[in-house]
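What follows is a set of notes on a single structure, which appears directly below.
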Amino acid sequence: MATGYCLVVLTITLLSLASSPALATDGKPLQDYCVADKNGVPMNGFACKPPQSVTADDFTFSGLNKPGDTNNPAGFKATLVTVNQIPGLNTQGLSMVRLDFAPGGVNAPHIHPRASELLIVMEGSLEVGFVTTLPETKLITKVLQAGEAFVFPQALTHYQRNVGKEAAVGIAALDSQNPGTQPVVAAVLGSCPKIPVEVVAKALQADDSVATQLQSKFK
Amino acid sequence: MATGYCLVVLTITLLSLASSPALATDGKPLQDYCVADKNGVPMNGFACKPPQSVTADDFTFSGLNKPGDTNNPAGFKATLVTVNQIPGLNTQGLSMVRLDFAPGGVNAPHIHPRASELLIVMEGSLEVGFVTTLPETKLITKVLQAGEAFVFPQALTHYQRNVGKEAAVGIAALDSQNPGTQPVVAAVLGSCPKIPVEVVAKALQADDSVATQLQSKFK
Amino acid sequence: MATGYCLVVLTITLLSLASSPALATDGKPLQDYCVADKNGVPMNGFACKPPQSVTADDFTFSGLNKPGDTNNPAGFKATLVTVNQIPGLNTQGLSMVRLDFAPGGVNAPHIHPRASELLIVMEGSLEVGFVTTLPETKLITKVLQAGEAFVFPQALTHYQRNVGKEAAVGIAALDSQNPGTQPVVAAVLGSCPKIPVEVVAKALQADDSVATQLQSKFK
Amino acid sequence: MATGYCLVVLTITLLSLASSPALATDGKPLQDYCVADKNGVPMNGFACKPPQSVTADDFTFSGLNKPGDTNNPAGFKATLVTVNQIPGLNTQGLSMVRLDFAPGGVNAPHIHPRASELLIVMEGSLEVGFVTTLPETKLITKVLQAGEAFVFPQALTHYQRNVGKEAAVGIAALDSQNPGTQPVVAAVLGSCPKIPVEVVAKALQADDSVATQLQSKFK
Amino acid sequence: MATGYCLVVLTITLLSLASSPALATDGKPLQDYCVADKNGVPMNGFACKPPQSVTADDFTFSGLNKPGDTNNPAGFKATLVTVNQIPGLNTQGLSMVRLDFAPGGVNAPHIHPRASELLIVMEGSLEVGFVTTLPETKLITKVLQAGEAFVFPQALTHYQRNVGKEAAVGIAALDSQNPGTQPVVAAVLGSCPKIPVEVVAKALQADDSVATQLQSKFK
Amino acid sequence: MATGYCLVVLTITLLSLASSPALATDGKPLQDYCVADKNGVPMNGFACKPPQSVTADDFTFSGLNKPGDTNNPAGFKATLVTVNQIPGLNTQGLSMVRLDFAPGGVNAPHIHPRASELLIVMEGSLEVGFVTTLPETKLITKVLQAGEAFVFPQALTHYQRNVGKEAAVGIAALDSQNPGTQPVVAAVLGSCPKIPVEVVAKALQADDSVATQLQSKFK
C-alpha cells in the first residue's frame, strides 16, 4: 500500500520487521486443521486449503539454522515463523522467531499488538526489558545469559540488546499466528505519510525543529 | 511502585494517562455480575464483592459532565470510566473515557495493550490517526467534525489532536475493563529507570548525545 | 425476510432498534484490520475488503451530532455505530450508540444477546435499570444525572426512561461489533409470525383473551 | 437477596428456573480440572478445591431419571445440571438440563444470557421456537417428535410447549457452566422491586391500567 | 483423504467415531445465526447460508429415538448431532451425541481435541473414567446408574463401558460445534500410514515384534 | 495424589512429562501482568503476587543451555518452561520446552489437552508426525533437519523420533501457560489405578491376556 517515496522507509522497516515478530491469543480451531489458502477469499485469518490437497509440507518451514544477516545499522535480524511462513499455523494460535544480534546489536523498542512473547537466549548474552503502562511506566529489565528465558507481557513496549562480545541468538514464541510488530519510535517518526510535526513535538516534549530533524532521518 | 525520583515522571504520565484509556477483549462472565472487590485476593481481574452487599452504586460513576482540566503542557485531559472507577465493570469486557482538548491540544501517540477503541467527537474538530505494523508503517488519518466517529484497531499506535479554534470533546469506548495506556515516546524516553541510551539512540537512528538530551526532558 | 403483514411490526421495531444497539465479546483480530466487505462471502462477521482499497473513510461514520427524532410513540430514538455503519469495526469487538429521549421517553426493556453495555448520560436525567436472572429476578435501578455512567451486564433485560423535564441524551458502548437488540415484550407479543396465544397467556399468567388483545396491538 | 414480599415471585420463578437452564461460551481451563470450592473466595466462576481432596463424586450428579414434578401452573419442570450441581463443571464450559412437560405444559419465553442451547426431545412432542433480533423479530418455529433435536441461538428469546396428548421429556445442552435463565415476561412484569408501570405500559403499547393489572399477577 | 488400503481402518474408525463425538469451546457468534453452507468457501467453521433461504429445518435433526446398532466388535454405537448434522449449530459452540451400548459394550479410551463432555446415563449402568495428565496419570472412575451425570474434562483420555446386564443408553453434551474424536489406541496402532514400529514399541515399553503384532490387527 | 504402588509409574511418567509439555489458548490478561502466587488461593490459573513485590526474576528462568539427560529407556528428555517455571507467564497464554534426544530417542505419542505446538529442530534430525481424528485417522509425517520447523495441531496425538546418528535438540512453543501432557499409551496401560483389562483389550482389539501382559509393564 506504500507509495514510492516510502521505499526507504520500507527498507528500514523490513529490517525492523525481522527484529521481532509476535503472536496474539487467537480464536479456536473448529476442525483438526485449516491450512491457509493465501489465494483464497480474504477474511479474519485465512480461508482453508481443500483437505485433499494438504500435505506435510504445509506444516513445515526451513532455514532457521542459518544465522540471520546482521550487517545492518541495527546489527540485528529476525527470521519469522508465522502463518505467512507456515500455512498450517492458521487457526493454531502461535508462532515463533529466530533473533540474531551482532555485538552491540539492538532490537529496538517495539510492541506486538496481538501477542505475548517468551524468549530463550540460545547463544551469547542479551539485555532485555519491557515497560509497564500508565501511571507507572516502569522498566523491568535483566541481562540474560545463554540458556535463560524471559517473558514480555502482551503488547507492552519491549527491547533486546546484545551486551556480549560475540554474536547472540534467541528463539522466541508468541501466542498468535500473526502477532504483528510495531517499532514504536519508527511508527511515530517514520510513518508514511508522516505524523504532523506538532504532534511529534508534543510527544517528545521538544520544539518542532527537533521533531522535524528526527523525522528527517526516517525518509 | 515508582521510586521517589520518578515523581515527576508520574506527574507527567498521569496527564498522559488521562489522555486515552482503552479496553481489551476480556473473558466471559460466569454469573450475572461479579462486582470488583478491590480489597480482595489479587487475581486476573478482581474477586467478587458478596452479592448481598451489591447495590446500584456499584454499577455507577459520576463526574463526566465536568470538562477535564486541559491547563497542562499537552492541552489535553481524559476522564476514565474503567473497572477502577466502576467495580461493576469487572468481567463485563468494556470501558469508556471522556477526552477534553484545548485548542491545539494533543493526545500523544500511544497504544492500549488490551483493547480496540471507538471514538465519537462530541464538540469541536479532531485530527486522528493510527499507524499500521511492519512492513507497512502506514498512517491512516482523518480530520473529524462534531458527530463523527472513528475506530482505532487493537493495540496500534494512534493519536488525536484538536485542530479547531475551540475546545474539543470526545467520548471513546474500549473493549476491555482495563485496557491500559502506554504513550510510546514517554515509554521509550521516560521510563523508570531509563532505557539505556544506546538502545534509544539506535531506535532514533541518532547519536547518543541526541538520545541523552531527549531523555533528559523526561526526568 | 418479513412478509407484508409484518410491515407495521417492522415500523415499530425499527424505532425500538434505535432504542439500544449493543455489542458482544467477539473473537480476536488476526491482522491489523479486516474492513468488512458487505458484498463478500457471507461468514461469521464479514470477509475483508482488499487492503489496497482501504481508506480512512472505512473507519469513519458521520451524523451523531444531530439529535435523533423522538417524535414517535416511545419518545425515543437511537443512532447506531456498529459494523453495519463502520466497516472498519469488523473484528475489533465493540460498537457505540447515541440515545435520544423526549421528556418521558422510554427505551423499552430489551436485551443485547451478544454484549454488555456501558452508558453515559450526556444531557438530562435518566432512570435506568436491569433485572437479574432466576431465581432472583431482582431489579437494580438508579436515576442518573448528566455526567453519570451505568453498566448493564451481558444480555440481561434492561431499560432507560427520561424522568426529566427536558430532552435527555446518552452515549453507550457495547462490547461487540454487532450486539443485536431484542425488545423482549415485542419479541413475545409481536413476532412474525405470532407466538401461539396459549404460550403467551401462560407467560403472562393471564387468560388467552388477555393475551390475544395484547398481541393485537403488535399487528 | 429478595425481600419477603418477593416470596411468591420466587416460588414462581423457581419453577421457571427449572424450565431451561443454559450455558455460555466460557473461558478455557488452565489445568486438568478446577473443582468448584463453593466456600472459597468469590470470583468469576469458582476457586478450586485442593486437588488432593478431589474425588469422582465431584464430577457426578444423580436424580435425572426421576420425572420432574409438572403439577404447577406452567405444567413444566426442569432439572438442572450446572456447576451448581456438579462442581467439576467449573472451567469446563458446558451444562445440561432435563425438561419435563405435562400435556399442554409450557416453558415460557426466556433467554439464557450466557449460552446457546441444543435440545433433544426424548419423549412426546414439543413445539419449539426462537425470535430473532431487530429489525426482523422473526419467529422460527417447528413441532418436534421424539428423537428430534433443535438449536436455540445464543441469548435469543425462545420457548417450548408440549403439543402432544402425553407427557413430554427433553434433554438440553448449553455451552456455559452457568448459563442463567431469564423468563422475559416475568422479568418485565414481576421483578422485585417492580419496573415502573409507565415503562411497562410503553413496552406493552397499552394503558397504565393494563400494565398495573398484569403486574399484579406477579406479586 | 484415506487411500484404498485404509478402508478397513475406516470401517473400524467409523464405529469408534460413533463412540463419542465431542465439542470445543468455540468462538462467539457475530450475528443471530450463521447456518453452515457446506458448499461454501472452506474456512474455520463454515460460511453462512444466505439468511433469506434459512428455514426451521436448518436448526433441526431427526433420528435420535432409534437405538444405535451395537452389533459390532465394540458392542457400541454413537449417533452424532454436530454442525455436520445441524448446520444451524455453526458458530453456536456446542453439540450432542446419543451413545448406545450392548451389555459389555465399550466406548474405547479416546479424546476430543476441541471439547469437554458432560454425559447423562438414560438407561442401564455405565462405568466411566478419565485419566489426568503427567506426572499424575490418575484414573478417576465411577459406575453410573440411570439418571446420573458425569463430566469429562477438556481433551483428556476417557472411556465408558456398559457394566449392566441390559443395553445402556447415554446422552452427552460437548462444548464445540465440531469436537472431533480420536480413539487413542487406534491412533497409535492403526493410523494410515502406520506409525513406525520402533516408536510404537517404545510407547508400549515392549519389543518391536509385539508392536508389529498389535499393529497388524488394525489393517 | 498417587499412592505408593504408583511410584514406578511416576518415575516413568516424569520422563515422559519431560517429553513434551504443551500450552493452550488461554484467556486474556486483565492487567499488564499477574505474576503467579503459588501459595495463593487455588483458582483457574493462579492468584497474583502483589505488584510491589514483583521483580524481573519473576519473568525469568535459567538452565536451558544444559542438554537434558537422555540416559533413560526413551532416550529422551524435555526441559519445561511453563507457568510452573516462570510465574510471570500466568495470564500470558504461552510456554516453551527444550527437547533432547539420544540417537534413536523417542518422544512417545502424546497429546497436549490445552495447546497447539510449534517445534524447531536446533540440532540433528527428527522424524515427526501427528494423527488426525475420525473417520480419517491419517498420519501426517515428515523428517526434519536442523533449522526446520513443524506445527502440531491442537490436542492431536503426535510424536518425535531422533532418526540421526547424533543427539538431536528441539525447541517448541505451545499456546498455553500450562498445556499439560498425556502420553496416550501410558494413559491407557499405566494409569493409577489401572483401566479395567476388558476395556483395554477392546481398545487393542486383542485378548484380555495380551492386555494384561502389556499393562504389567507399567507397574
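Per-chain residue numbering starts at 1, and chain names A, B, C, D, E and F are given in the order in which the chains are listed.
Operating definition for what follows: contacts are C-beta pairs under 8 Å (C-beta built on N, C-alpha and C of every residue); 3 or more make two chains touch, one makes a residue touch a chain.
All values reported here derive from a predicted model rather than from experimental measurement.
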| item | value |
| --- | --- |
| Any chain that touches chain E and chain D | C, F |
| Equivalent interface to A-B, taken from D-E, E-F or A-F so that over half of the residue contact pairs match | E-F |
| Whole-Å gap separating chain A and chain D, where each centre is the average of the chain's CA atoms | 47 |
| Whole-Å gap between the CA centroids of chain C and chain E | 40 |
| Separation of mean Cα positions, chain C and chain B [Å, integer] | 27 |
| Chain E, residues touching no fewer than two other chains | 1, 25-29, 32, 41, 43, 45, 113-114, 133, 141, 153-154, 156, 180 |
| Listing of all chain pairs that touch each other, if any do | A-B, A-C, A-E, A-F, B-C, B-D, B-F, C-D, C-E, D-E, D-F, E-F |
| Complex contacts: residues of chain C adjacent to chain D | 1-2, 9-10, 12-14, 16-17, 73-74, 104, 106, 108-109, 111, 113-114, 127, 129, 131, 133-139, 141, 153-157, 159, 161, 180-196, 198-200, 202-206, 210, 214, 217-218 |
| Chain E - residues contacting chain D, complex | 23, 25-29, 32-33, 54-57, 59-66, 81, 86, 88-89, 92-96, 98, 116-118, 120, 122, 132-133, 140-142, 144-154, 156, 171, 173-175 |
| Of all residues in chain E, those that touch chain C in their complex | 27-32, 34, 37, 40-41, 43, 45, 47-52, 90-91 |
| Residue numbers on chain D that touch chain B, as the complex places them | 1, 24-27, 41-45, 83, 113-114, 176-178, 180 |
